[in-house]
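Several structures are given next for inspection.
Two complexes, one shared chain (subunit A), two partners (subunit B, subunit C).
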Partner chain A sequence: MIADIVRSRAFVQHVVLLPVLLLVPAVAGRFYVYILAVIFVTGLLAMSLNLLAGHGGAYQFHHAAFYGVGAYTAALILTRTSLPAWVAFGAGPIAAAATGFVVGAICVRLNKLYFGMLQISLGSLIWILVLRWYSLTNGDDGIHGIPMPEFLSSATGVYYFVLGVVAVCLALMYLILKSPFGATLRAIRDNPQRCEAVGINVRRHQLIGIVVATFFAGVAGVLFVVLEGSVFPDMLFWVLSLEIFIMCLLGGWFTFYGPMLGAAIMVALRTFVGSYTDYWTLVLGIVLILLIFFLPEGIMGIHLRELVRQRGRRASMKAAE
Partner chain B sequence: MEQSITLAGFTSQLLVGLSRAMILFIVSSGLSFILGVLRVPNVAHGSLYMIGAFVAHSVATAVGGVSGFWLALVLAPLAVAVISLIAERTLFCHLYEREHLMLLLFTFALMLILGDLTKITWGADYRSLTAPPFLQGSVSVLGTAFPRYNLFLLAVGPVVAVGLWLLTSRTMFGKIARAAAVDREMVGAIGINVSWVFALAFVLGCLLAGLGGALVSPTVSITLGMDHTIIIETFLIVTIGGLGNIWGALAGSLIFGITQSIGVLILPQFAIVFPYLAVVVILTLKPTGLLKSVW
Partner chain C sequence: MLRVENLRKSFDDFKAVDGAHLAVDPGELVAVIGPNGAGKTTLFNLITGHLKPDQGRITFNGAEISRLPAHAICRKGIARSFQVANIFPRLTVFRNVQVSVLSQKHLSHTLFRPAQRMVVEETERILESVGLIDKQRSVAGVLSHGDKRTLEIAIALGNEPELLILDEPTAGMSPEETAATMGLVTRLAREQGLTILFCEHDMEVVFNVATRIMVMQQGRTIIQADPEEVRRNVTVQEAYLGGA
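Presenting the complex of A and B:
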């Protein structure tokens, strides 16, 4: 399997891409380096959601709750305790995955829309706790000026840290999706009844999927803390969850990099449209409507459709021979 | 903190919770009705509620007096109904054949757009509205002073509940709407324009959101954020009640309103957490909601 991956075209593309990304801080201004890091973090969050939404077919409607849990866990350990930073960085994703396990165990008993509604209620419970537990979380104000270790004191250091962690996470996600487990997740998405019939434990696979995805959401949360040095309750708010959903849709559901592209477009739009007008959500709403009507498979989805058609043609030619 | 819970305090909180539940019921019954017929969670419902409140404020202050208040209660839901009819006929109706997720995302887009349009039209300032004179002040109920306006809400809630029940169970439209929810192709096959049935159901549900917004306007400060809180609350209410079940929406609203108001007596800072806890407990025990879902 490893040998296959090393020989693939995608691997070569990455080997070329990585040095380019490593060189960015040397040539680009500080602001662009920061925006790029924001894109990586948001993209990681969107891709973690897509593990479930695009590949798993689950209505994971409150993914932001786990992102927030990861971020708040790291932030609280960094500000309230004297534990080393790596403990905080490790605890964030673990706390997110643990929360994912509890929420997931309750939600997987139901399917589709009920799953989504139940998750919105459980996620909102976490949100409201963070918002109201003033003595622990500072409520509305959030936590600011979170102390960071020495190597994360410069913008460049933060960029390289974010890039490294995101790259490792993407590689892991790729391997997970390539594995038999990933194939099973897609099979459940396409036909849960048939999977049940051939002896796959659908709920257990979905639950494992949720734990994995929420773990990566927690990583994204920790990276947010590293990048911004602050956390606030809006990170757990339901509207953010829907925004991440749009990123997946925008870039392309059924592709690996689609959500990253979607996140890049959203972050760029927010940064540049937001600097011209106060009505950025109006623009977002219009973009979303256009997307639903004209591009339901997302930007990379079109490319995918073409690819499937070519492969189908090739396969039928082979069969004809 | 060490204040003992008196009977009078308990009664007054209970009545506050009940009147809050009436607002929640009116809004969530609309959401539940749309869910039942179209099978779409209308994310824009909260925005329509907010617009209802803003329109009611504008009408009531422009006309003034008692007639202004009644006119606001009529015009605000109508304005919301017109907005939802336009959105439904121009865009939403073309999506019925598509995946449900797309329908949900469309209503989310609508929420984003309506939120900013509200900001453009009314600005970001806080607004407040005073109730008409005959509903101002308070009356004595079991030894506690209770605002008259809340008693008015307690009267309106059941009227809406009964009206909606009669509409869905006793009229032709209600029967067709319920039939279309179960099997739209069959309903279409006997010559009924299903698209218009869906449109009317959507508009009726949205109208209830506008009515809820108009009714709540004298009791809260009318702001841009009010769509976000109500939409989460009403989503939870229809989920614990059973998706699409009107009586479930009533039960859910009562649970939501009362747990919060009683929570104020126990742990004021965390009062808002109590309804969410109630939701989690109910859904853990009975994941598909208290009453039978219409699906």
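Presenting the complex of A and C:
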């Protein structure tokens, strides 16, 4: 199995890509290193959402709530307790996954849009709790100046930490999507009724998917704390959930890296166009309209369509032989 | 093997199934016939757990199954195809069947092992037996209508069922496709010892293939007997065959 992975084209691409990313802090300015780290964190969040949205076909409409839970859990442990940092970093994803389990267990009872609406309600409940519980969370002031361990005091240290964690998470997600569970998840996306009829417990699979995805959202939340040193209630607001959904659509939600690309585009637009005008979302709107007309499966979706064509050709050639 | 006793199901005021009886024994090829709206599909949906009955009993191999969810009934050994081609359109033909085999082998929860090399032999054997092996790498959504229906049967076979339920397996097919599909069905029944329950509009097909026929009208079972007796039955002739 390991030999298969080493021989695959994806592995070779990554072996080339990783050193390039490792060298970035040596050649690029601090600001660009920071932006790249922001893209990785946002991209990880979008990719965790895409496990459910693109591959699972679930209407996971309030994914940001779990990102916030992960971030706040880590921030609270770091500021209110004297526990070591790794406890906080571990507790974030676990708290996010536990919240995901509870919210998920309620939501999977409903289908499609109703699932999404219920999730927005429950997610907003968590948001309100964080916003109003002043004594615990500082409400809309957020928590700032969160103390970090020594190795995360420099921008380069933060960058390498984020890069390392995101790389491990992506590798895990890749394995999961290639596993029988991943295949079953995509089958549920395509046709839940048929899945039931072949003996698949659709709800249980969806729930496992939600727990896995919210765990990775929690990891992204912790990385946000590491990167920014602060948390605020906007992290749990539904607008962010919408933004990461758009990232998935933008980059191509039936692909693996699509959401990461979508995150890169959104972060770049916000950073660079946003520095000229407050109306950067106008540019985003135009991009989205063009996308819907010309690339309905997202930017990386063209690659997918090409693949389908090639496969079709190959199959018909084989049949002709 | 399968026993349905006095089954009833209403949607609001409409009695879709209103006293259906059915017995299927191992090795049989049982056809359910009846005019449109007679409740054939509803009956199948009740048996496979996609609907819950209001009244009556369904037992399979002696165990009551009428309150179980669809996926649990499938685990007991009943697989089905649907009236409209019900496949996984974005997955490859191979993956369509593999998902079903993985489910049957309780592997669909496996998280960290690549699926690529799993249950390949079983999946290919099924594709071979239904004649889709050459198309295993194409995306299922682009198959012809006939191939999609065949793929449906292949997906159902992935569950290694004892009883295979086919809801109008030849709906919308040309006469050639119909003949090919029914040929496949009878061959599967013979070679793999499958018991098959199906419904069908084409009377010629039914009387050629079925070892026993159940006639439904307005949700009620009129008669359940071998083809000859059904053909002779006066009520059936008036209600159904008379017009044909």
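Here, the second predicted complex is superposed on the first by the 321 of 321 C-alpha atoms of A that agree within 3 Å, B and C clash if a C-alpha of one lies under 4 Å from a C-alpha of the other, contacts with A are read in each partner's own complex, and residues count from 1 in each chain.
Convention: contacts are C-beta pairs under 8 Å (C-beta built on N, C-alpha and C of every residue); 3 or more make two chains touch, one makes a residue touch a chain.
This structure is a prediction, so every number in the text was calculated from the model and none was measured.
Looking at the shared chain after the overlay, A:198 reaches subunit C, while subunit B stays out of its contact range. Of the two partner chains, subunit C is the only one touched by A:179; subunit B is not.
When the two structures are aligned on the shared chain, A:187 is found in touch with subunit C, with no touch to subunit B.
In the superposition on chain A, A:110 makes contact with subunit B only, not with subunit C.
When both complexes are overlaid on chain A, the residue A:238 reaches subunit B alone and has no touch with subunit C. Once chain A of one complex is fitted onto chain A of the other, the partner contacts of A:20 are absent, as it touches neither subunit B nor subunit C.
Every residue of subunit B that touches subunit A in the complex is listed here, in rising order: 39, 41, 43, 91, 94-95, 98, 100-102, 105-106, 108-113, 115-117, 119-120, 228, 232, 235-236, 238-240, 243, 269-270, 272-273, 276-277, 279-280, 283-284, 287-288. Every residue of subunit C that touches subunit A in the complex is listed here, in rising order: 48, 50, 69-71, 74-75, 79-80, 82, 86-92, 95-96, 98-100, 102-104, 107-118, 134-135, 137-139, 142, 155-156, 158-159. The touching residues of subunit A, when paired with subunit C in their complex, are 1, 4, 172, 175-176, 178-184, 186-187, 189-191, 193-202, 205, 208, 212, 254, 308, 311-312, 314-315, 318-319. Across the complex, subunit A meets subunit B through its residues 59, 106, 109-110, 112-114, 117-118, 120-122, 124-125, 128-129, 132-134, 237-239, 242, 245-246, 249, 278-279, 281-282, 284-286, 288-289, 292-293, 296.
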